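These notes are about the structure you will find just below.
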Amino acid sequence: MSGRKDHELEGVTLLGNKNTMYTFDYNFDVLERFTNKHIDNDYFVKFNCPEFTSLCPKTGQPDFATIYISYVPDQYLVESKSLKLYLFSFRNHGDFHEDCVNIIMKDLIKLLDPKYIEVWGKFTPRGGISIDPYCNYGKQGTKWEEIAYKRLCYHDMYPEKIDNR
Amino acid sequence: MSGRKDHELEGVTLLGNKNTMYTFDYNFDVLERFTNKHIDNDYFVKFNCPEFTSLCPKTGQPDFATIYISYVPDQYLVESKSLKLYLFSFRNHGDFHEDCVNIIMKDLIKLLDPKYIEVWGKFTPRGGISIDPYCNYGKQGTKWEEIAYKRLCYHDMYPEKIDNR
Amino acid sequence: MSGRKDHELEGVTLLGNKNTMYTFDYNFDVLERFTNKHIDNDYFVKFNCPEFTSLCPKTGQPDFATIYISYVPDQYLVESKSLKLYLFSFRNHGDFHEDCVNIIMKDLIKLLDPKYIEVWGKFTPRGGISIDPYCNYGKQGTKWEEIAYKRLCYHDMYPEKIDNR
Amino acid sequence: MSGRKDHELEGVTLLGNKNTMYTFDYNFDVLERFTNKHIDNDYFVKFNCPEFTSLCPKTGQPDFATIYISYVPDQYLVESKSLKLYLFSFRNHGDFHEDCVNIIMKDLIKLLDPKYIEVWGKFTPRGGISIDPYCNYGKQGTKWEEIAYKRLCYHDMYPEKIDNR
Amino acid sequence: MSGRKDHELEGVTLLGNKNTMYTFDYNFDVLERFTNKHIDNDYFVKFNCPEFTSLCPKTGQPDFATIYISYVPDQYLVESKSLKLYLFSFRNHGDFHEDCVNIIMKDLIKLLDPKYIEVWGKFTPRGGISIDPYCNYGKQGTKWEEIAYKRLCYHDMYPEKIDNR
Amino acid sequence: MSGRKDHELEGVTLLGNKNTMYTFDYNFDVLERFTNKHIDNDYFVKFNCPEFTSLCPKTGQPDFATIYISYVPDQYLVESKSLKLYLFSFRNHGDFHEDCVNIIMKDLIKLLDPKYIEVWGKFTPRGGISIDPYCNYGKQGTKWEEIAYKRLCYHDMYPEKIDNR
Amino acid sequence: MSGRKDHELEGVTLLGNKNTMYTFDYNFDVLERFTNKHIDNDYFVKFNCPEFTSLCPKTGQPDFATIYISYVPDQYLVESKSLKLYLFSFRNHGDFHEDCVNIIMKDLIKLLDPKYIEVWGKFTPRGGISIDPYCNYGKQGTKWEEIAYKRLCYHDMYPEKIDNR
Amino acid sequence: MSGRKDHELEGVTLLGNKNTMYTFDYNFDVLERFTNKHIDNDYFVKFNCPEFTSLCPKTGQPDFATIYISYVPDQYLVESKSLKLYLFSFRNHGDFHEDCVNIIMKDLIKLLDPKYIEVWGKFTPRGGISIDPYCNYGKQGTKWEEIAYKRLCYHDMYPEKIDNR
Amino acid sequence: MSGRKDHELEGVTLLGNKNTMYTFDYNFDVLERFTNKHIDNDYFVKFNCPEFTSLCPKTGQPDFATIYISYVPDQYLVESKSLKLYLFSFRNHGDFHEDCVNIIMKDLIKLLDPKYIEVWGKFTPRGGISIDPYCNYGKQGTKWEEIAYKRLCYHDMYPEKIDNR
Amino acid sequence: MSGRKDHELEGVTLLGNKNTMYTFDYNFDVLERFTNKHIDNDYFVKFNCPEFTSLCPKTGQPDFATIYISYVPDQYLVESKSLKLYLFSFRNHGDFHEDCVNIIMKDLIKLLDPKYIEVWGKFTPRGGISIDPYCNYGKQGTKWEEIAYKRLCYHDMYPEKIDNR
């Protein structure tokens, strides 16, 4: 089989691992990264995560969301199974929707030091209203700082149709 | 449970409150706000509100709309249950669609002093025609004043397909 | 202009009437009917009513629904503007979803004495769950009594996809 | 070119005719028929007609609908251009939705003497409510009389989603 | 406000209650019921529940599903907030998809003694495959026993399109 | 009832008027306007008009379209019922699709002297092809002249999927 | 490679053949069949054919359709590439829509002697109206004769939404 | 954690197993089953499998399909990870679409001895035509034999819209 | 009838013409144009053409596409029936998809000398892959030369979802 | 037949070739190109490829994706059948999603030396999360270098809705 060699999978310990522990307390440490083999070429990677759930910080009631994470890697890529486990660790975490989305972005910046990243949460409604926070970031001192600003300026000018059905 | 602490929920009195009074007369005062913990980072928050209803100022007939509110917070975030109660307070209010959308925006500016805000109302048809007003605002003296202008310029260049069915 | 003559519009007082009063207290009396000119031929008439709103009997909070009404007329047809006013009259009425749907059906039976009728309410979610009650009726002593039973037996075997977005 | 021969097109005078007159007064006589070459084999023919418009008998306001016509031919098929002209002739005709649908069916029975026919009108909303009448017919003394009854019994158990947008 | 009176809300303790405790361990006891006011008339009530989550009994990994519950009440209706809390109580429960769906149905039979009930779970994919169990029940000695059998026979003959995107 | 007062409805004579005459000959004069109460704040108003019909100038055959009108008001807003009557007045008007769309825009400029306006017509197919003209305008000597140019430049880069079904 | 052996592909000459001749004159002879290996078990095979085109017998203008063919094989299956070539052979054939659909069915009966077959053509509109003929057949003296009758009786009770856009 | 106990997971060796071998040669033996805990209650289980791929027996070219499998268990349920591995084993298998679907059904009958089972394959097009075979089975001597026959009779009367885009 | 006068229809000979000849050999000459009455105002006209078919230059097999043509007229507009005939003339023309789209654009430039034009072809798949070429043009020495460049730069950044079903 | 001549098809050896070998080991050499006849005119060509499959480099499990390739040709166009064979050659190739997308782009740059190219992979989910990498390239020293940068900056600001169902 051609493709990635074993030594190019260094640091990837969770993928295909049978003994995975699912922790439901917020846990940054579960995140893993591997080497970007295409650093000559800026590109985007998007994760679609429709199985996010956390708790309301005031009532303790579960909340549900789809989280879209999109980033331009520098030296590292996030391993997707570790990202799954990290998102699962919000299961018993109590925070407002706006907080969750900012925390996820900041943790991935810490892990990956990416050129650019954005996180968009689309939550199911409570009391007939749903909330969709969006945050982004570009590495300071690079052109991506300006791009982040531009993407924020033109964010979501066509809100999707929502009728709660 | 990790996440927002009690003192970070100050000012939030309606969320989870059993004795909520539903007032159906226009009422600015029901709105509540809480502190933005991520002021280092400009970001968007969108509210999808498909259960808006008001009255026609001339015929007294009920009108129905989905209201999309999107803003960039400065110091404050609007609490979503209070927003719900505020929108319910238009239930017996008589105004043209264009007026309602402007009023909602101006009230939220008064409450939040946001960096940026926009409000888009999509109403159901009367006489075979439906009306969708959109207004926005950027804080004067900040870059968001210019962004508001640009977003207005490029507003809704792809109108959604409407066939009244 | 060919078509219905004035004397065939007897009893229709609200349609095109400028002085329509919109009452928001439950009111059976606003309903009007006119003569069915095709009694030789059983047929269905369906009303799609996406602008229904009532109140929760316990919390007083507004509820929203689309109501689908389908019936086989005998001597009478319900006039659609009067039906609109009748449905508006639930605006300040407090009842469970299951009750509203049954009340609407029973009122229309009283007005029209139809051969067959069914009412399906599809409400927006509260707490992440939405409720869709469905009731029907066939005139006793006619074949439509049996048809009502059969339609109930095979009701909604393909529930529509609901994701609250 | 293989296929229908000229003598098999007898009675078809409007198709491809440059001098077509468009009459907007209700006119049964414009309808044309041609011979069914497959009478050994019962089959359905459906016409989708999304450009129907008539007038309200009380207010004179235009109404708009999609009309679906489906029939099982006996000796004759209706020619589609003549059907178009016939439907155009309702343009200045004032009648309730329920009346239009029944009239169309009865006229086609007169023209074609079909084994079976059904007509379903789906109108755009007035006052937030839309009306969809459906009627059908099976030739007396044939099995299609019973089929018409069964199709009516199980008509439209899954009403399409309507939100007026 | 017309509609349900206080004494008709007996047994409803959770709806609008500020002190709701969210338990995430499987708990039948949280379910509440209230009186059916329309026992003269068989009808369906459907609950759409897109926020269901449980655990895999072997790996401990979270699973996600939309649960559709549809029933014909006899003397009782299930109160929707209590149903929400009951479904939340599966959050830390480990069972196969097929087991969850059967357990939910049996618990609601115990609570409501309904004439008929069915439960359909539609789970998100694991390993590229998703599982959708469906079970139903009709009260023995009534016509609904036969109806349950017929509905099972004709269950889901048009599987929805699934492409995992 | 809070909201627009009677003196703020000056010039609105058709809305809620029982004696509305529906004229089907092209008629500019039926258009009415009212005062914009939010002139401090540029905003968009869109009208979705799916019930437009006119005649082919060569064959006299009816044409059908959905018309989308979007504008930024200056001193005046167009009243929606008068807009409906104006669009109805094209019912017996014979012009090419490209002409109709330009005429509608120019008439609304005459009525409203808006800062910006655009009109997009989407017609049903003839001979397997459908035509969608789009025109726009920005008031000379204002920034909206430049915006009109930019919106035209980037018009409709994602044509909607059309398959004539 | 496991699966069909060479001798089980007898009669299949066109599949994978480089020298395929595309004939655009109606041609029954291009059809090929191969042996059904599962005759112990009645089952359906459906072909979706969205690239059908023929000519109008009166005007010579091209018509376009999607053809759905569904059958229950007896001894033979139709080979799909030969079916493609057969359908291409209608490219210069002039016939009414109703004729084409019947001819296709009769040709496949001649080729396959199937237990059951049905053909549904869905054509694009001409003059605002589209035509969808449907015919079917069950082998005489078998239970499929009765099934064909039942499928015809309950054919297309939910016509798809058509708006010509 | 409540739910299935370890002894109730007997025979489940692949789920959560880190050392899974992916074999791409047709392999019945990889299938695993576990005990049905709800044998008192007939119910359906459906598997949605959009990642099926096999080879053309004549050209060796890959084919792609979504496979829908639906069954009523008797004593056993198929474990979903083993089903995934079984379907993967068709990756290098050369057979016609009609054969694959029948083979999958027969293998699952051998594994599970179910009361009822059906398999529907929906393949992507080759040469503009796509093929969707469907087969089913009911256990002889039980009522499910008759149900299988009825489900086959009424199979797919509403073919999904296919336009190859 | 108000609208375009006869002398304003000069050059339009095919529209409504009974003796139209359908030629299926590539033919530029069939194209007709008429005068643009709104030259004071740049605007777009789009043609949606879902009935395009040509031949593969190597295999002779038919290809199918939807062609979207959008242009800004200068002195002339293309008449739609002549455009239909022109597109029909590709029916027996053998060329790659990329060639067809460029040829159509160049022919329309020759006919209309437009300010701007673009042509987008979306073809049905062959061998599991579909091809969508897009070309555009702006008149040299005008601002539309630069606009054409910009529209090409930002072309199709959101490719539509294609799954070949 | 008008269109491409034989000498203009030079280098095209696989299209219509009966003896095509399907290799499932990564193979750049199978790619073929032909001459661009429209080099005077920059234009886009997009390939929609929904049948991509590769292997996970760590677990060996198959992955599935739709690949969208869009490029602006210089001297050469890629022949679509050879592109199909090239993509098939990833069938037994083990690499991360991010790697596959970059490799495809670099290989096509090597083959075509295009002015611009982009590749977007949309993979099906593993563990509830799906990954969509996107990379692009503009030829150095041309304006397309800058365009590539701009397209990357504004990439995918409207992520498609993903719910794994």
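Labels for the chains are A, B, C, D, E, F, G, H, I and J, by order of writing; each one numbers its residues from 1.
Operating definition for what follows: a residue touches a chain if its C-beta (ideal position, glycine included) is under 8 Å from a C-beta of that chain, and two chains touch if they have at least 3 such contacts.
Please read these numbers as outputs of a predicted model, since none were measured by experiment.
Looking for a copy of the A-E interface in G-I, D-G or E-H, one arrives at G-I, which has over half of the same contact pairs by residue number. When the C-beta pairs in contact are tallied for G-I and for E-H, the bigger tally goes to E-H.
A separation of 34 Å divides the Cα centre of chain G from that of chain J. Rounded to a whole number, the gap between the C-alpha centres of chain F and chain H is 55 angstrom.
Distance between chain centres (mean CA atoms), chain D to chain H: 44 Å.
The set of chain H residues touching two or more other chains comprises 16, 20, 50-51, 55, 59-61, 64, 66, 124-128, 130, 154-156, 158, 160-165. Against chain E, in their complex, chain J makes its touches with residues 61, 64, 122, 124-128, 130, 160, 162-165. Against chain D, in their complex, chain C makes its touches with residues 1-4, 8-9, 12, 15-16, 34, 36-38, 41-51, 66, 68, 70, 72-73, 77, 80-81, 83-84, 87, 120, 147, 150-151, 154-156, 158, 160. The part of chain H that touches chain J in the complex is made up of residues 20-22, 50-51, 53, 55, 59-62, 64, 88, 91, 124. Interface of chain D with chain C (complex): residues 25-26, 54-60, 92-96, 98-99, 101-102, 125-137, 152-159, 161-164.
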